[in-house]
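The structures considered in this document are given below.
Next come two complexes built around subunit A: one with subunit B, the other with subunit C.
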Partner chain A sequence: MASSTVETLQSVIQPYKHGFVTEIENERAPKGLNEDTVRFISAKKGEPEWLLEWRLKAFRYWRDRMLPEGDPTWARVSYPKIDFQDAYYYSAPKTKAAPKSLDEVDPELLKTYEKLGIPLKEQERLQGIAVDAVFDSVSVATTYKAKLGEMGIVFCSFSEAVKSHPELVRRYLGSVVPYSDNFYATLNSAVFSDGSFVYIPPGVRCPMELSTYFRINAAETGQFERTLIVADKGSYVSYLEGCTAPMRDENQLHAAVVELVALDDATIKYSTVQNWYPGDENGKGGIYNFVTKRGACRGANSKISWTQVETGSAITWKYPSCILQGDNSVGEFYSVAVTNNRQQADTGTKMIHMGKNTRSTIVSKGISAGHGQQTYRGLVRVSPKAEGARNHTQCDSLLIGDKCGAHTVPYVEVKNRSAKVEHEATTSKISDDQLFYCRQRGLSAEDSVSMIVNGFCREVLKELPMEFAVEAQKLLGISLEGSVG
Partner chain B sequence: MLEIKNLHVEVDGKEILHGIDLSLAAGEVHAVMGPNGSGKSTLAYVLAGRDGYAVTKGEILFQGKDLAAMSPEERAREGVFLGFQYPVEIPGVSGLSFLKAAVNEVRKHRGIKELDAMEFLKFVRAKLKMLEMGDDLLKRPINVGFSGGEKKRVEVLQMAVLEPRLAIMDETDSGLDIDALKIVSSGINALRGLDRSMLVITHYQRLLGYVVPDKVHILSGGRIVRSGGKELALELEEKGYAVLGADAA
Partner chain C sequence: MSATTHALHLDRFEAAKAGLPGDARARADALARYAKLGVPTPKLEAWHFTSLKPLDEAALAPSDAKVAVTAATVAGHALSTSHAHHQLVFVDGHFRADLSRIGTLPKGVVLTGWSAAKSLPKDFLAEAADAGAMRVLNAAYAADGAILEVPAGVALAAPVHLMFLGASGAAHARNRITMGEGASATVLETYVGTGRYWTNAVTDISIAAGAMLKHLKLQTEGGEAFHTAATAAHVAAKGVYDSFVLSIGGKLARNEIDAVLKGEGGRVKLEGAYLARARQHIDNTTIIDHAAAHCDSEERYRGVLDDHAYAAFQGRIVVRPDAQKTNAHQLNENLLLSDRAEIGSKPELEIHADDVKCGHGATAGEIDEQALFYLRARGIGLEQARGMLIEAFVSELIDAIADEAIRDRFTASVGGWLYDAQGARRAA
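After this line comes the complex of A and B, so read on.
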């Protein structure tokens, strides 16, 4: 990369735009993690006995079987050892009672969401998106609830669902990601504070995008939310998830769990635009995003499609996966991940083919800039009974500058002779020729990079719902400004 | 329009151009001819402001402004267009969205209202009609999988859309068969005008049979060794570069 181009790009480094802190009173559990912490959280939420028991089972499993082994080290990321006793596991904006409508929500909170470009009040009146706003792991407001309710759709905070639809929660909680699944999922099972719950009844096509907006605010607090989406037979839902956090010097742990269940002929489309604070250019601060996301295509002809645009977090450790149990079920994974400065990402997917004629598609676009390190890690497994299974994987990496890295670790396990599995991978760089070509036409250096990167990601971005695609495109530009060096 | 005075240019610490003087008036078309390695492409790149092409002496004035002090994008916005010898592929970026962004940068710079998607489409369609082109190439990612002829046609279309004041065509004829050459030449001719100057850089005379220049300069070893009228190109074809005091091609 020619030096003056580098300088041009370095001169436009943009600070993280969502880095403000909201002054709001919090209620926290005492620092540290033990059975009492788990009981405290459960009591705060007024949970039934069975849920507390489930949490405790998870906690004991974690404490006795997982903690002695330590957190997982197989991912290609490095960070100092986390002291799990030196954090708060519950933080909630202090309110007297759960708000019944937006009018009762703390105006400070509403202002926060407005600053982030998500005016909840406007949203309720004008736009066709239902939003569940989660602030420090606690759901503060859900819009459009009544309208969706008329169709039998349940869209509410997880805590509320435990009270209003305990039978659904109990049947599906942990059915895709069991409490003993992995270090961070198990930790989440013990201490999760809130999240979103969605249920779409048989034959219903959800008429609007459902969206959860996660905001981390409190300091020194781990974030553990849990999302559960169940699409009953023949239903359809498109769900969006967005995330931001303030800029803080210390690292914050975010360990969420998302479970999706699609029954016969149901489709779930799950889109994420993740923009947690990535830390500064020297790698100070930022979110550790250690997330377990998994969907079960339980019914025949069901479909689960993951689309993610990951631009934030200091470290990302995330593998949205599909278990293709139903015959003819379909799993998709479309991903764009950006690592700039000192960011690290180890991300990919697992496609587990169990039913007959199951199909999966993986399209992964990784962009590394600065000192960013990125690994695609994917597993395609075809089990003996998955007659006629097909997978296509395409895995492309784009490097900007000469100090970053891209790595590809595809695992393929095929136990059925009729399977067809394809894997394509490329690695490329933004060339001086491309940059000069764009600039000769009048585009600034940073707009040129942004345009080239957006072109590189087009296959994935076109999978996003309209409202999100625009945001994602802008985000890619911002994340990479000042990236060549 | 363009005044090049005693221009010396270095690439990687090695001087390639040793004092070029060239004056191009508004509306004129000049051809720069020369054998391989004579510095033709260097001249094109230094005018467009490519990184690594350092002006060590002399000056380039464009409409009275110091061109060498501007970034490549500033030059483009001021109205300098380079038709590339090897247009690059940009996967995933359609010609339409690329050109729309470029046109709006130029308009912003000139203080004219930017075009929205519908206005831009209308604007481009008029240009396509003028060049007798369809819009199929513009819908595809720019230059990706294009034939040599298609790439050059799109370069000419970009010139038409960006409406530059100075167009530098760097070996636009290279790699074209005779049919493609005719199409591209007629495109260039359609864009000649009183307020637009062109510098046509070529190795062979054949392009100049279609795009008839006002003046011809012969570049050799980093110097202009002869300048003359259009008949100089014909003489060159007959006798070859050697006879004209230039290095053998």
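After this line comes the complex of A and C, so read on.
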């Protein structure tokens, strides 16, 4: 791989496509973070007393117990210290009242989503995907609600769920990621503004993909959304999540929490295509994506499957995990992560085996190019009572260019002899032989690399729902364009 | 405050330092560094799986080496005399010329305990800025140890056997092995003892261009003993460092190996096995640092855990930015024999170069049911069949040891462990 080719190609890197800003009037909480900010957010949303109390509990824990120790430093990422007082914790598009239907939604907002390739209106009519669009911190529109409602499925914004289904929210909120879990999850618990809520009643198979589209628009704003998905006994749901943000020179914090609960025989499939603004080629700007995602397989025979394609963000710090409590429950983690230019990613998963005959599969594919630094960090723990647990982990890294890094840090803890745990990892570059083979057959260097990379990621991409798989493949091409020769 | 190993080591230094040889200032600095670092806790990433609390609570003071050891005891642990070898004996970290049998050495080869050496290497107590607490504590207290210097071009044919006997207190032995260009040697370290004591050994190895060292270690400390050891090996171009560590003994044992490939074409092979039962805790932590291009490394550790035993394996492979054309492979396999045994494994890759082939793997599981069935179907009893499979799992590594006398010693140790484990199983 001649370095001159790398440089030539570097110059044709495609710019970030979603970097525009929507001019829209915003309502913000005053800058900074204190108890009043928390009260302000809660009051804005007209929340019940118990939720405010929960937020305050989290905030006090964060302020008194976590802030003095500082944010976590164990991950292999580096960034300047974050000033938590120098940001807005709430920003909402100004509207007079909550929109009852899409017709009442600010046309500017709808246009934004159209530009992103998510025409909410058409989507409602044509495609079989229900979408919840979150703009900055607030859910602006949810499609297909009525149709899903007929089957008893609840799919709405989090703040709406607090009003319409308080008993469900109260029962499950914080039950998987407690308010004291970790620095960013606790911060989120205090100041989360909105997100999606899904409840699938017993025995119901959700007939369409549910999707949330997250968009950070306002400057100097942190986005703290909270997603809660509960799949009751014997139900099934597939949920997709996509994210974009404008190009800005300053870094923005995104600290979300996702909680999944699967009861007996239920299945949750959670797919993410994360394409936050990664910063420019010199590492200026971009989103800090510090996210806590965790699923609890509470019931017997339940299953939670995480699939993620991580191409954006300046820094990614994310470990979608499964707690396999129910007997025979299954956890899966499929991940493709790309770091190019100055991007840093420390990502992986945790599989905590507690029930009998629980199984987990981890497939992680990391691609590092430019000055990208990437770490797979994973934990597989088999508790003493997890009779017959089984895990297979495969993590492969592909290095493109000699300035990048790929690191693998798996933790394996086995406390039951009947467990079978396997971990395998490889690191290599695209071999000259592979490249030559493709080039010899008339493919350009870029197409060859794109093909090889897609082949490298195939195991993961095939887990994505069709609509996302196409987008993900394109994203991989764009993220790596110019980094190879 | 009740006495702890930590406090005893801080308190006794003033009184002990006059009797300690070498650079007094370096020792004082080392102790100051140790005081600052304190006893490592699992909060440190490098000690994620191991707590030294039991060692600290054991309140072991630096040893004063007045223990009587008979020639018969030494003979019991020696290699078979039918194979030529050079033997050095250390009791509680102190060289005992009377018990050693160095024999005749090729011209230019230095082999002695450093209390008996003519001069000490200048940087003998030097510690890198990022050295861990146990290493710097050793630098503060080390009073003796083995010195082996093999000059350029010399092949030391007979193996060197360094025997460390522990009996009381804390022994801080510090060994230095220097291999000149193109030299070769085989060194066996064995650690044995009885009673409650602590071995905290450091072995520094430098391997010049084209030189080769086969380094074997047999750790069969007493059941109440603590064992911490750090080996650092620097390998120059085309040098070879070939290590095998068999850990069986000790109540709490930690073996660290830090191998750095500093020149092109170097090779490092780290192999090892650990067998633990009762409430033993055995930790193997290794780092292979590829600091130069065109080097190969291979690592394989296998563990067998019974009863309440806990084993940790942390293996890190680092490939520096310019270390292109690196081949590095690592594998950690574990066999769990009981419901209460635990394993913590962390095979780590840290790669900063792109033209590399690196892989690692870790497995944990129980004895293969099918293999067991196969044997039992042929009329072999359950215990015997289990024993055969466990032995096969470990001997696959041991059988590759070239030196016959050493291989026999290792095989016998594994056999002894199996016998004890079976006995304990029958008794229960």
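Heads up, the rule we're going with is that the second predicted complex is superposed on the first by the 477 of 485 C-alpha atoms of A that agree within 3 Å, B and C clash if a C-alpha of one lies under 4 Å from a C-alpha of the other, contacts with A are read in each partner's own complex, and residues count from 1 in each chain.
Throughout what follows, a contact is a pair of C-beta atoms (placed from the backbone, for glycine too) under 8 Å apart; a residue touches a chain by one contact, two chains touch by 3 or more.
Nothing here was measured: the structure is a model prediction, and the numbers come from that model.
Of the two partner chains placed around the shared chain by superposition, subunit C is the only one that A:His423 touches, whereas subunit B remains out of contact. In the superposed pair of complexes, A:Arg439 makes contact with subunit B only, with no contact to subunit C.
Look at A:Arg458: by the touch rule set out above, it reaches subunit B but stays clear of subunit C.
Counting residues of subunit A touched by each partner, subunit B versus subunit C, the larger count belongs to C. By the touch criterion stated above, A:Asp447 is placed in contact with subunit B alone, subunit C being left untouched. In the superposition on chain A, no contact is made by A:Ala300 with either subunit B or subunit C.
Look at A:Asp402: by the touch rule set out above, it reaches subunit C but stays clear of subunit B.
Applying the stated contact rule after C-alpha superposition, one finds that A:Tyr411 touches subunit C and leaves subunit B untouched. In the superposition on chain A, contact is made by A:Pro384 with subunit C only, not with subunit B. On subunit A, the patch touched by subunit B and the patch touched by subunit C do not overlap at any residue.
Those residues of subunit C that touch subunit A in the shared complex are 45, 48, 321, 324, 334, 336-366. Residue ranges of subunit A in contact with subunit B, taken from their complex: 2-5, 8, 431-434, 436-445, 447, 451-452, 454-459.
Per the touch definition, subunit A reaches subunit C in the complex via residues 74, 382, 384, 397, 399-429. Those residues of subunit B whose C-beta lies close enough to touch subunit A in the complex are 48-52, 71-73, 75-77, 81-82, 84, 86-88, 90-93, 98-99, 101-103, 105-106, 109, 141, 158, 162.
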